[in-house]
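Two complexes follow with subunit A in common, the first pairing it with subunit B and the second with subunit C.
And now, the complex of A and B:
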């Protein structure tokens, strides 16, 4: 399937990282305790940050570690601790639902893989030299964000503040009158 | 030399893991986590085309930044809803949240 790939440091690193990410994803699906599931998603996030580094998005890799692996995983753990966290998913009588879900997910995946691999689409050839050569990633992002994308940037900040205020309002205990 | 296909394959596999988790997991928080996994797969795709695409540019990274922000907002609201649901109904099982089920 991946024939024609020269074994270089980059490809080896990519396959190790990909294996780590997928293993953490499978752990998320197969663990019994909810808290272990939330911890294994942290592994997926860190692996994704490594993939971003390979795609030369250093700033986003940093943000990924900071935001996802740091903040979101911890927030998930908080939420699990605040709800029933010592609950173990009990094996249930087998129903048709997970089977259909597996068929659906696998079918969807096969369709995507077919499009990627076998449909004969000519993907653009990768150039060995980076398009962002010698340029500071953070500087590029900053310039694009504050020149071309000012209005979306401001809108997204409004969305973020509204969402966070709404979250506080929702989670706040209502006063008993 | 790595190219588009390997990264797209990784993104597709991650997306399918997330999809399966979101469809079958019973704890609401894990369903939310699976949705985050799918968003991460999409981010990998965006960054792949920003680096290896026909016209590589920084715009894909900007889009990923926006996706991450929206995902964080979504997660904050989702967790607040979950906490409030748990307080009211005392369960974190998806199948018990069937008040609006037809």
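And now, the complex of A and C:
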């Protein structure tokens, strides 16, 4: 299955990172305390950022760390700490559900493996003459966002502002009641 | 030697990895030394400002005082409160410490930066990783299961998140002028044509930066998370021994890192006449650190509500004004 895979620093790093992400994902699902779950999802975010770094998308990687691992994890921790509920999930009754879930997940994994390895699709590979190599991707992202995609970008920021104001309005109403 | 340690343009193989590890260990040892003497320097300076002598018993001039303190903390019992959430209590100080050390990877200490990366997203890297310390602080406060710790942790999260916004936005002015997020390029841009450090054109940005930096570092007058008159010791009330030392270490490494960042962004980093680059860098960073101590000895603590209102209603609008003005001026003067 891994024939033709050269063992370089990059592949070793990739497998270590992948293992870390999967371990954090499994911990997220298996932990009983909500706060441990929030912490393990932080680990998943950081692992994803490391994968982006390996793909030479530094800007995206550190935006991921800033927004997901930093801001969103802290928001979740805040929400968990400020709301009052029993911190431990109740043990679920044993059903056939996990069996079906495992079969589904394994099937999905096989489909992905087939698409990547055996379907014969030609995936684009980085070659020495691919465009944009070794260029500052901060600059490229900035130029793309503010020249070609400036209208969608502004629309997205309007949507975000509307969401923000909406959330404040809703919170205010609840406070008055 | 310099070539041996420059892994920037090399493929990631065993040798490059070994070099990275050696470089990281050297920087760690260096930073531990700097932190030890920063603490000594702080106690001496504040003693001098308050008409006291400061530490003078251990070693000549008290020079070994901090080392004795660290040794004491390391051999102290590591107490975990019975009602605390044990696992999180144990890992929270580590979570708070490791980003503080990681941010040093992008700081250009000298003109031939051999141990640090010339990353093209240096500023973003600093901001992103320093945000992760908040997780360690909040979790430490929560896991202690102590009302003072919890309030301290909450306060510190609110404060650090609020002040991160003006901190990042004030630095956007510098990024606009230099046209890069790379800290090395920012220093080089200050050496080039108008030959002026960015503190001059970005004076408003610098004032916002230094206020937000003081708040981000949880230092007086913004040391509400550990206000000893209200909260015992804030989020690390329950900590003792080397886990307490980890929190203190993270705090002082950030003092150094923030000073180094300010030096690089606003005072031309290693550049300067006559003296070698690393010495200029050390002088400028020392001035920054001295400034933080001076503020601590001078200012009283302010109230939480005033603190957050100040960030959201004064500093953020000002930094937006600074950003827009910088952009317009840069466009007009081009």
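To be clear about the criterion, the second predicted complex is superposed on the first by the 150 of 177 C-alpha atoms of A that agree within 3 Å, B and C clash if a C-alpha of one lies under 4 Å from a C-alpha of the other, contacts with A are read in each partner's own complex, and residues count from 1 in each chain.
Simple rule for what comes next: a contact is a pair of C-beta atoms (placed from the backbone, for glycine too) under 8 Å apart; a residue touches a chain by one contact, two chains touch by 3 or more.
Since this is a predicted model, take the numbers as computed values, not measurements.
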Subunit B and subunit C placed together on subunit A: clash or fit? fit
**Asked** Looking at the overlay, does A:35 come into contact with subunit B only (first), subunit C only (second), both, or neither?
**Response** second
Practice prompt. Could you look at A:103 and tell me whether it touches subunit B, subunit C, both or neither (first, second, both, neither)?
Written response: neither
Query: Who does A:16 touch here: subunit B (first), subunit C (second), both, or neither?
result: neither
Per residue count on subunit A, the busier partner among subunit B and subunit C is B
* Which of the two partners, first being subunit B and second being subunit C, lies in contact with A:59: first, second, both, or neither? -> both
- Between subunit B (first) and subunit C (second), which, if any, makes contact with A:160: first, second, both or neither? first
Exercise. Which partner does A:125 contact after superposing on A: first (subunit B), second (subunit C), both, neither?
Worked result: first
Item to complete: Please indicate which partner A:150 is in contact with in the superposed arrangement: first for subunit B, second for subunit C, both, or neither.
Response: neither
Looking at the overlay, what does A:70 touch: subunit B (first), subunit C (second), both, or neither?
second
Closest CA approach of subunit B to subunit C after superposing, in angstrom, is 11
So the subunit A residues that subunit B and subunit C both touch are 8, 10, 59, 63, 71, 137
Subunit C partner, complex, touching residues on subunit A are 8-10, 13, 33, 35-36, 39, 42, 58-59, 62-63, 65-66, 69-71, 73-74, 77-78, 81, 136-138
Subunit A partner, complex, touching residues on subunit B are 1-10, 12-21, 23-27, 29-30, 32-34, 36-37, 40, 43-44, 47-48, 50-54, 56-59, 61-62, 64-66, 68-70, 72-77, 79-84, 86-87, 91-92
Subunit A residues touching subunit B in their complex are 2, 5-6, 8, 10-11, 14, 18, 21-22, 25-26, 28-29, 34, 37-38, 41, 44-45, 48, 51-52, 54-57, 59-60, 63-64, 67-68, 71-72, 75-76, 79-80, 82-84, 87, 89, 97-98, 101-102, 104-106, 108-109, 112-113, 116-117, 123-128, 130-132, 137, 140-141, 144-145, 148-149, 152, 156, 159-160, 163-164, 166-171, 173
As the complex stands, subunit C meets subunit A at residues 11-14, 16-17, 85, 87-88, 119-121, 124-125, 127-129, 131-132, 134-135, 138-139, 142, 150, 154, 157, 161, 180-181
